[in-house]
Structure formats: structure tokens, C-alpha cells
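Two complexes follow with subunit A in common, the first pairing it with subunit B and the second with subunit C.
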Partner chain A sequence: MINSESPNTLDEPVFQTILRDLKMVAFKLYHVILPRGNAVNALRDWDLWGPLILCLIMAIFLSVSAAEDQKALEFTIVFVVVWCGAAIVTVNGQLLGGNLSFFQSVCVLGYCIFPLTIATIIIWVIQNLSIIFKLPIVGGAWFWSSFASYGFLGSSVPDNRRLLAVYPVLLFYLIIAWLVIVQ
Partner chain B sequence: MSNYNNKHHDDGNPFYNEPINTSPNQQQQQQQQQQQNLFTNTNIDYNDYTQNRGQQQQQQPVYQPDLQFQSFSHEVDVNSNTSPNNSNNNNNNNKIGGNSNSNNNNNNKFSDNAPLNTNEDGTEKKYRFYEVPYYRFLFNVDTKEVGLRLIRSLLPIKFSFFNLIRENPDLYGPFWVLTSLVFIVAASSNLNEYFNSNDRSNWEVDIKKIVYSAVAIYGYSFVIPLILWGIFKWMNLGLRLLDMLCIYGYTLFIYIPASILCVIPLQLVQWIIVAVAAIVSGLFLVTNIFTPLKEDFTKRGLIICGVIGALHLGLALVLKLYFFANSTENFSITDSSSSAHPAINGTTTTTTA
Partner chain C sequence: MMKYSPFQDEPGSNDNNGQNAESQVQNNAPKHPVAVFFHLFFKIVAVAVFILSSFVNIGFVLTFIIVTMSSAFDFWVTKNVTGRKLVGLRWWNQIRDDGSNNWVFESVQDKSQVNPAESLMFWIPVLAFAAGWFVFAIISLFGLSFLWLVVEIVCFLLAGANLLGYIKCAKDARKKVKGMAQSYIVGTIVNQAINRV
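Our next item is the complex of A and B:
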């Protein structure tokens, strides 16, 4: 089956290939975001397309609404924070004794940015939202992101270090949430 | 905490010295002469290595507190030799550490030799220096231990921070304290500007502050420990780079609540908060660094600690004057700045808009 499939996928139209990847991304998003028990299985084959798409969406929206002379800087900072932050948090988990696979963990952290991306889009669409509304939206998104990724990452380190491994995740999403809320 | 600390002194002050027993072991005497009565961490073996294991076993019964610091706490469960003081609760399982070259050469903090690590289940697993788990010995702390170190950094009363981290310096605390501080300083600084601005609906966040605060804080906490380590190495004190990085990281912990509190728009309150934070952390830093210097290098130690204290105050001033600047103190503001800075507020001058 496998052998006969690979020449077939070379022949298929590009649209079909992209559609398949998009479906994979959507499937993973669905499983990661709704905290269900079998999220771990769904993410066993990691991919980085989803996090890249989410990161780009967020970076573009935040950059567009940034101050004039800081648009490029904002994009850079969002990009760097998301990718380097995910890498650092993953390495931190590994160093504390967890048995995480690097890319799988980066994949999960990237996918769990999805609530914050939704918050970004909401705030960008409804312009001039006052801080009273922004705060619960972004706060809720932050909490949702942290909770979704905790379900995956929390069980991978020993118990006496769990807070040490979870705190960087919280900080990571907090930084992104702050970038969203001050746009 | 290991036994030897509590056995001999309460707060870990190393200068309640017991008379040195004469040791039949030649090497131990040699080491005594080398290290004198300083904090010496040169004999910390993060891991065992076969050529020195015999020596360690011989030296253990005549272990001198604080003079001969042989760290046995890094021996892992598969090793037969154990420290008599090995009751550190960090040592129950995976002590995974790197290797250093020899007993005399333990000043280097990392080694590129083939390391010897163990898994949780006791099997030996070798990690190379380019693999991530090789560096697990730097993160060998529990939540409670990190919490304990953080709280100790807030109290400049006990001068024994180096004792606390002697067996087990970690880079988790320093790194995440610094990272959190970078972010919190940037966020509070922007919040402070927002509260100070007169035109709140047009206020834009200044993202460059993240970059500047990262440069300032990471630079301060990496460069100065490096310089200090070089100086102490030249003075043969035996303090490791990890110790210096550790102490600087934990020193800055108090600035996190200080920065959060600095969003209070009152200028006097801000100055008081920054002053208190600077004094407490400066005292912590200076007293703990002075302790190994006290015995032999009193005058030089005073000078060094004076410089350290001055640099620390310099950091506090930069934090206050740049990041939490109110418009009256912002020297670099020009007339062409945004509408957030109209005429100077009349707190220190008498001119009005």
C-alpha cells in the first residue's frame, strides 16, 4: 500500500496535497484545543505547519496594528518569541528530566497558541476595544492555551518538578498574551 | 540539605572552623594547602570517574567541613561509594552530570570528555556534550529547592548562599528569573508610560523596551559573573562560574515584585521601591561574595565588593531612570516626541504648561 501510494501523491494536483495538509492541521487543532483524553495520540506524528501558520497569522495581525516605526520589529519579536520560546521551554522540560521529544513538544506548544490567535483576530476585527473587554478575552485565551498544553506536557516531568516545568509554559503564553493585549 | 552544614554551623558560616585533623592522606593535605580555608568547590565531582574514586573513598572519613569539599552528592545510585553526608534529597535518583577531567582540574564547569550519566532506572547512559540531557546536572533541582533559594535571596541576613548551592548549583533559577524579569520590566515600563501619558487614547506601546531590557539584564547577569569568575580564578579562590551565575541570577529576583509595584504612578513611591530592592539585593550580593574573600583578601575583597555594589546600584538606577522614567526625569526627551509628553509636569519645576 505504501509503495503504491507514493507515486500517486506525486501525480495528484497540488491543491489536493495542500488540502490534505490543511486537513491534518485542522484535525490536530481540533484535538489539541478541545481538551480530550486522546490528544496525545493525535499528536504523535508531529508537524510544524500548524504552528507556522498560526504564528504567521498572529505576527501579521500584530505587525499591521503596531506603531509605524515598529512594524518590522513587532513581527520579528512575535516570530522569535514563538519559535525560540517554544524551543527553550521544550529544552527546559528535557533538562528537568522529562522524556519529551523535542519536535513533538514544539508542535504541541505551537498548536496551543491557537486560542491566542483567535483573540488576536477578535481584537483586530473589533477595533478600539477598550481594555475592559480586551482583558477577559486575552486572559481567557491565555488560560485556555496553558490548560491545553499542560494536559500534554504536565505529565512528562517528575512530580516534584512539575511546577518548574509548567511555569515556563505559563510565562511563554503570558508574553504572547501581553503582545496581543497591547496591540 | 546535606548534613555537614547543619552539623557544624547554623547558618552555614564557614568561619567557625574546627581544628584540622591530621590526615594520613597525602593528597588530602595537598589539597588543604591548595585551598586553605576558603570556599572551595574545586573538588566537586559532578560525577564519578574511576581513576579518582579510590581517592574519594579514602578521604571521606577525614572529611573537613568547608575545607575539603568533596561533593559526594553527585554520586548516583549505581555507585558503591557514597558520601556520609549524602542525605540531600536531590540525590535520590538521577544525578546526571557531566564529567571533568581530573581532580586538579575541576575549575572548569563543563567538560567535553565523554560523560557518564545514568537513567532513572539506574542503567548507565552516556550522553555527549552536544546532547541536551548531558546538561541535566545543571537543572537538578526540585520545586522546593528553587523556592528555598529564591527566598534566601530575599534575606541578606545569612551569608551562606554559596554553601547552599555548593553541591548543586543550578541554572534553572537564574535563567528563568532573568527571563521573567526582562519581560516584566518591559511590561511594567510600558504600563508606567501609559499611566503617565496625558493622551491615553493615542498611546502606542513601545516594543523596543523588550529589546533594551533584554540587553541590559542579560548583559549584566552574564558579563559581570564572567569577569568576577576570571578575577576569582586568578586569585585562586575556587569559585565556579556556575556559582557566580547562580548568585547573580537569584540576586535579581527581588526586582520582579519591585517592577510590578513600580506601576504605581507616584514618583516617590517608585524611588522608594527601587531603593529598597537595590539595597536588599545589593546587600545579599555583596555579603555573600565577600564571605570567601574575608579570610585572605580582606582589602582586595572590600574593593571588589565595593565595585560590585556600585555596579548593582548602577543597574538599579538604569532601571529606574530609563524604564520607569517619569517625564520630569527623562533627560533624552526632546520637543519632537509624541503627545504623551507635553510640557514638563510641575513636580520638580515650577513651570506649567
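Our next item is the complex of A and C:
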């Protein structure tokens, strides 16, 4: 006697539950790497797994290369900057009349740090990279992050305010990119 | 065959057979030992590592990662698996096309499938976990240790979200049962009236 309109997932096997969530995360990461048109579907089921793991990976690699007494601080700063930054950018977007919910937007912004996470790992793997090589790598990742998030978020804000919404997003990724460069 | 695999809580029983047997046998022994285990496991790991880290120096970063990931796994397990296994509840938060929130609640209609002991074993850890992180966070706030405060806030938000979701879900389930009882009573009255005419 269960409503036909509500999903009935109470008896599904745990295996299926895990698989569905893993697929969801992979699907979104794929969309960040190759930003495409039908981003709206990827957005509707938000999750914070991707952002959490991407952010932890980035924080680990950045804190490993920090000085011994600053590891804890560096790690926490990266973590707080990513989450609080995403929250602030989201609130800004909503105040400008965006039609994305809070968690959807945080989810998108979190997933879109993926290129910057990759840049962090590249720079960590190739130790002692000079700033001449670091800049284009991080710059490219920054552009990629911003471009991917624009594909998701751009359509959610009214046309005449789009710049006001996009500017904080660029700034948000710029701060993270700066954290990556100075590692 | 494996005695208890995490993917199958009732070993060797088909869905229909298992349910029939369940509703007939009313025992207090936990029917989902695996679910109870995972319901407690990540919670205990998170809190234990968090407390131990102040005695054993394993480094802030490692503690942060273990505690946060345990909390995240616990959030997932509690939200997606143990809730429906132990108390027959599940909550979803869906997003409508205009960006507004939509809470979706699922609950089993047959309350006899829910074991009272398991129900307690579900609700007490959920409550205690959220309350625990709240207390830890207050202590850190007044102790001015802001690095730890970050960990505690993350864990509290995860635990609190589950607590909120399940409280709403339980309320909704109660309402549904009430609504069904009412429609049943109305139905019988109407039937009797029809029979008399």
C-alpha cells in the first residue's frame, strides 16, 4: 500500500544503492571534464561526495608540501576556503535571483574544482617546478574550472545580472588557484 | 554461501518468503546484525579517533581525514541503508525544476516489520552522535581551538542533517498511518451505510 508516485526504494539491495551513488559521482565528474549541454540532468541529483573527496585530496597534497609546523593550518585553510567560498558564492547567486537551490550550487562549485585538484597533483608530482611552468598549468586549470561551472550556473541567473554572479565564481577559483601556486 | 554479506541482510531467503516469516515471528533479537554493526561502526570510529588524537599524536591532518571521512560514510550508511533496514524509514531531498526543495519520505506501512530493539538501536546513536559533536564544538569554541572546530562543525552538520531528516520522516510516517486509519474508518462507515440501504 505505497503511493505509486513516491519512489519505493525501501527494499532495494544495498549493492544497488552504492552503485547508483557511484554512477552519479562519475557522471558529474565526466560533465566537469567535458562541459556539455545537458548539464541540468546531472545537476538535479546533487551530492557532496565529489566536492568532499576533491577538496580533501587537494588539501592533502597542499599540506604535504607545507612547512612542518604549518601543515595543520594549511590543510584547514584549504578546506575552509573551498566550503565557505562555495557557500558565499552560492548565497550571492541566490540573492541575484538565481533559481538553483543552495546544495545544488555548492555541489557544482565543489565538483568544478576538479581541474584545480589535478593541477595540484601535477605540481606535486613534478617537484621544484619553476613558476614559469606552474603559472600556465594552474592558469589553465583555473580557466577550465570557471568554464565548467559557468556551463552549470550561467543559465540559472537572469541575463542582465550574469556578470555579477560570475565574477565571484572567478574570484573563488582564483583564490584556490593562488593557494595551489604558492604551495 | 557467506553467512552475513553486507549486501544481503537476510541470508538465503527470498523477498516474499522472508517477509512472511518476519511478520509471523515476533522476536526481539536483531534481524539485521550487519546493519546494526555498520550503523555503529563509523560513528564509533569517528568519535574514538577524535578523542584518541588528543592522547596519541597521529597528526592533525590524518585525524581530520579519518574523522571527516568516517562521518561522511556514516552519513551515507545511516541515510541510505540502516534507516530503511532498522526502522523502515528513508528520506530524500529532491530539487524541483525551479530550484526549491522537496522532501520525500518513505516508510513501511506494516509496523510489525520494525523491531523495537532495533528501533532503539537506530535512534539512540543518531541522537547521541549529533549531540556529541555539538558538545565537542561548544568545548572547542570556548577553548579557542579553531582548527578542531572545523572538524566538529563538519561532523555536526552531517549528523544533524540525518537527525533532522529522520525526525521529519518519522513524523510523516505517523501522519500517513493516521490518514490510513481515518480513511479505513470512513470506508467502513460508508460500507455499512450502503449495506443498510
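Definition applied: the second predicted complex is superposed on the first by the 160 of 183 C-alpha atoms of A that agree within 3 Å, B and C clash if a C-alpha of one lies under 4 Å from a C-alpha of the other, contacts with A are read in each partner's own complex, and residues count from 1 in each chain.
FYI, a contact is a pair of C-beta atoms (placed from the backbone, for glycine too) under 8 Å apart; a residue touches a chain by one contact, two chains touch by 3 or more.
Remember, predicted model here, so these are calculated numbers, not experimental data.
Once chain A of one complex is fitted onto chain A of the other, the partner contacts of A:G97 are limited to subunit B, with no touch recorded for subunit C. Of the two partner chains placed around the shared chain by superposition, subunit B is the only one that A:L171 touches, whereas subunit C remains out of contact. When the shared chain is aligned, subunit C comes close enough to touch A:P13, but subunit B does not. Touch criterion met: A:L73 reaches subunit B and subunit C at once.
Once the two complexes are laid over each other on the shared chain, residue contacts for A:V182 go to subunit B alone; subunit C is not touched. Looking at the superposition, the partner that touches the larger set of subunit A residues, subunit B or subunit C, turns out to be C.
On subunit A, the patch touched by subunit B and the patch touched by subunit C overlap at residues 73.
Listed in rising order, the residues of subunit B touching subunit A in the complex are 94, 120, 132-133, 135-136, 138-139, 141-144, 146, 172, 176, 179-180, 183, 187, 190, 204-208, 210-211.
Within the complex formed with subunit A, the residues of subunit C that make contact are 6-9, 15, 59-61, 64-65, 68-69, 72, 76, 80-81, 84, 88, 90, 92-95, 98-101, 104-109, 147, 150, 180. Across the interface of their complex, subunit B is touched by residues 66-67, 70, 73-74, 77, 91-92, 94-97, 102, 160-164, 167-168, 171, 174-175, 178, 182-183 of subunit A. Here subunit A touches subunit C in the complex through residues 1-2, 6-11, 13-15, 17, 21, 43-44, 46, 49, 52, 56, 59-60, 63, 71-73, 75-76, 79-80, 98-101, 103-104, 156, going by the rule given at the top.
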